[in-house]
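Each structure below is given as structure tokens.
Below are two complexes that have chain A in common, paired first with chain B and then with chain C.
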Partner chain A sequence: MNATFAVVAKDLRLAWRDRAGWLTAGAFATISILIYSFAFDLATNDVRPLLPGVLWTTFLFAGVFAAGAGFQREAEEGTFDAMLLSPVSPTVIFLGKLISSLIALIAIEFALLIAATILFDEPLLTPELVAIVMLGTAGYASLTTLLGTLGSGPRTRAVLLPVMALPLLVPMLIAAVRATGGSLGIFGGDAPWTLLLAVFALWSTLTAIILFPLAVER
Partner chain B sequence: MRTANRVYGLRWVLLPPLTGMGILAMLVGAVVAAPTELVEGDVQRLMYIHVPSAQAMYLAFGIVFVASIMVLWKRDMRWDAVARGAASVGVLFTAFALVTGSLWGKPIWGVYWQWDARLTSTLVLFLVYAAYLLARAVSDPGDEQAARYSAVYAIVGFLDVPFIVMSVRWWRTLHPQPIVSRLDPQLPGSMLAVLGISTLAIFLLALWLILLRTDTERLGQRLLGLRAAVDRREEA
Partner chain C sequence: MSDAAPLAIDTRALTRRYAGVDVVRDVTVRVPAGRKVALTGSNGAGKTTLLSLLSTLVQPTSGEAWIAGRSLGERSAALRRSLGVLRHSPMLYEALSPLENLEFFARLYHVPDAATRIEELLRLLGLWRRRHEPASILSRGTHQRLSIARALVHRPAVLLLDEPETGLDPEGIALLDELMLRAPGVTVLAATHRVDRIEAWADGVIRLDRGRVAEDTVSASVPHAGARA
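And now, the complex of A and B:
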């Protein structure tokens, strides 16, 4: 447990020192929200039905982007290999990385929710919606962390990560958009989307925890 | 075991003529022997390639899944060759299923493409395994670390299938429900017979292509090993 927190603390410290990576992800997400906001405003007067899709595509792109950028430095400096050589189990390292990226991602997402509340004039910080955002983030962060920490090289990682991660995240995207829409009262539907989101989050976290040690074994 | 090895040794003697005969029987069956469907007309004959292609896709991706587990478990690069071979053939048959499906969909549904449950899940599968091939292609064929990484991706991708199917099925559905793979098939006997022959033919073709691709990947790995050995010899 201590080792997990040590990894979390190390990752957050690195994220703080190397602010550029995370700030770029945040800036990218903010720009996306802005671009969506006025591009759709030109096309239609009622942008409200588009909001769940806008939110989740932005979250996903920012998340995948951050997963790639976050490990770039570590891979270049050989930190990751050094950690694997240390006498802690790979599972602990993975959990630490997952928790630290969850903290950073949720911070970015909250900033985005506030921005979207202003731009789309829609109260987004409701408990239900926050729960949906947390569940969805847990679902995608475990897979992007798994795929981001591995990878054959820094050059290929940046390009391949979105191509590899996004198809796997289609179910999560559909469930998250539907659940968000339901929570905002935009489109209903009787399917238990939040449940699917929760099951996906559980499944992806467990799978990533089990497969990570097998993948990094040398 | 010995018999199995002997049969495997004869794969290049047995598979090509068997596949050839199967494909020929499939073509004759689908174009000439099978009755014309009353409502849809001749375009329904696409079924005899569409449905077996989709099944061959699942066969190939199943092989990728098993071979990927073996890569992680046995640390044997031969399984990586099997996984890559099966993945490329699976992607090919997925493309087949998607293209024939679109051609069939246009006259019957009025559109080439719809975000329907089964179409969407098949397309997502296509993207997942295309990404797998891409990830494996940018790395060295003999790179064990990259092989393990790709194996992890293939396993996650395969386990993701139920979620993909579930989410898109709740989302919307237009594609007809299965009519063959149930206890009382709803297809007339003559059509069912032709479909059986076509499935056998396509499976033989898929098997042949998978073995061919696997052997090619294996030869590529051995070539790299030989090159490395020659380099070491020259340096010494």
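And now, the complex of A and C:
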């Protein structure tokens, strides 16, 4: 656990020092929400049915962008190799990177939920919706953390991450959008979709934990 | 000369193929513990790939190898704890300070009394005054000094070094000799193009040519059977 926390603390410190990547992801997400709010306000009187899609599209693209940037820096500086050379198992490294990624992503998502609450005049910070957002984030952060390691060079990695991540994330996105809609009272019951989201989060986390040591082998 | 010390590095027909080309081919070498060996050869001879194989970063296509008696195939924590590695890339976090870099790697290696060890290395390498500055503003030579500290923080028994003199001034090279290349009891395998310096620290040479061992003054002195620890 000591090594996992060492990786988490180091990654959060780096995220704070090298704020550019995360700030860009946050700025992209904020601008997207802002544009959506004005566009939908002009087009329709009821924006609520559109909210789940808006939220998850924004979360996902911001997350994929931020995950790619983090691994690119590690690869360029050779520090990912330095971690692999240490006696720590790749699984521990993966868990550390996943936890730090989750903390940073959830911070961005909370800020976005607050912004969306104001812009769309809809109470979004409910315990139910927060749980759905955290489950969905765990699901996609696991996959993007795993896929972020693939590819032999930064350019390959930059292409592989979105190309491979987005199709794999379709089931999670559908479940997340439906569960979010259910929690907002748009689509009716949200329980089966939340369950599917939880299953996806569990599956993607376990799959990533198992595959990560193989993915970093050369 | 026969060398009865246990083997620190022992490879049998180690081969690594990339895109159909054997970059390292049938390399069999035996380096007793405590020896200082220069790994030479022209560009593309396979030095860096051999060091990557021995450091467990790259898997062999075929063949076997042991470091301090532990098979590379096991990729055990004990094996990696016994290795100190310097590569072309400094392998440092540019946004972290020298102190933060070493603290992080000391935690990964579970270094006992890490604060004392880190202070000792930073002072020895002349980095103590700059310990809080971001690594990104350090010069190439200072980076290399910090890389040396990173590789030594866990007191490894076997050092795998790739062009360790890169960027170092004469004072830095003297420190490299003292802390790594001539460190008592530590086994060194160092790739180098500084042929003029080999006599100053090495007691053996392994020369590679197109992936194969072309010259080996070390293994010949080691008994073949039963020498592996």
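Keep this in mind: the second predicted complex is superposed on the first by the 214 of 218 C-alpha atoms of A that agree within 3 Å, B and C clash if a C-alpha of one lies under 4 Å from a C-alpha of the other, contacts with A are read in each partner's own complex, and residues count from 1 in each chain.
Heads up, the rule we're going with is that a residue touches a chain if its C-beta (ideal position, glycine included) is under 8 Å from a C-beta of that chain, and two chains touch if they have at least 3 such contacts.
Every value quoted in this text rests on a predicted model; they were computed, and no experiment measured them.
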- Does the superposition put A:W203 against chain B (first), chain C (second), both, or neither? first
- Look at A:V163 in the shared chain and tell me whether it touches chain B only, chain C only, both, or neither; answer first, second, both or neither. first
- Message: A:N2 in the overlay: touching chain B, chain C, both, or neither? Say first, second, both or neither.
- Response: second
- Contacts of A:K10 with chain B and chain C, given as first, second, both or neither: second
- Message: If we overlay the two complexes on their shared chain A, which of chain B and chain C does A:F28 touch? Say first, second, both or neither.
- Response: neither
- Query: First (chain B), second (chain C), both or neither: which does A:L84 touch?
  - Reply: second
- Task: Return first, second, both or neither, reflecting whether A:E217 touches chain B, chain C, both chains, or no partner chain.
- Result: both
- Using the touch criterion from the header, give the chain among chain B and chain C with more contacted residues in chain A. B
- First, second, both or neither for A:F61, with chain B first and chain C second: neither
- Query: Is there a shared patch on chain A that both chain B and chain C touch, and which residues make it up?
  - Reply: 217-218
- Query: Contact residues on chain A for chain B in the complex?
  - Reply: 143, 146-147, 150-153, 156, 160, 163-164, 166-168, 170-172, 174-175, 178, 189, 191, 193, 196, 200, 203, 207-208, 211-212, 214-215, 217-218
- Query: Touching chain A in the complex: which residues of chain B?
  - Reply: 72, 120, 124, 127-128, 131-132, 134-135, 138-139, 143, 145-146, 148-149, 151-153, 155-157, 159-160, 163-164, 166-168, 170-171
- Note on the structure: So, in the complex, the side of chain C touching chain A is made of residues 55-59, 77-78, 80-81, 83, 85, 87, 89-96, 100, 104-105, 107-110, 134, 150
- Query: If you look only at chain A, which of its residues touch chain C in the complex?
  - Reply: 2-3, 6, 10, 13-14, 17-18, 77-79, 81-89, 217-218
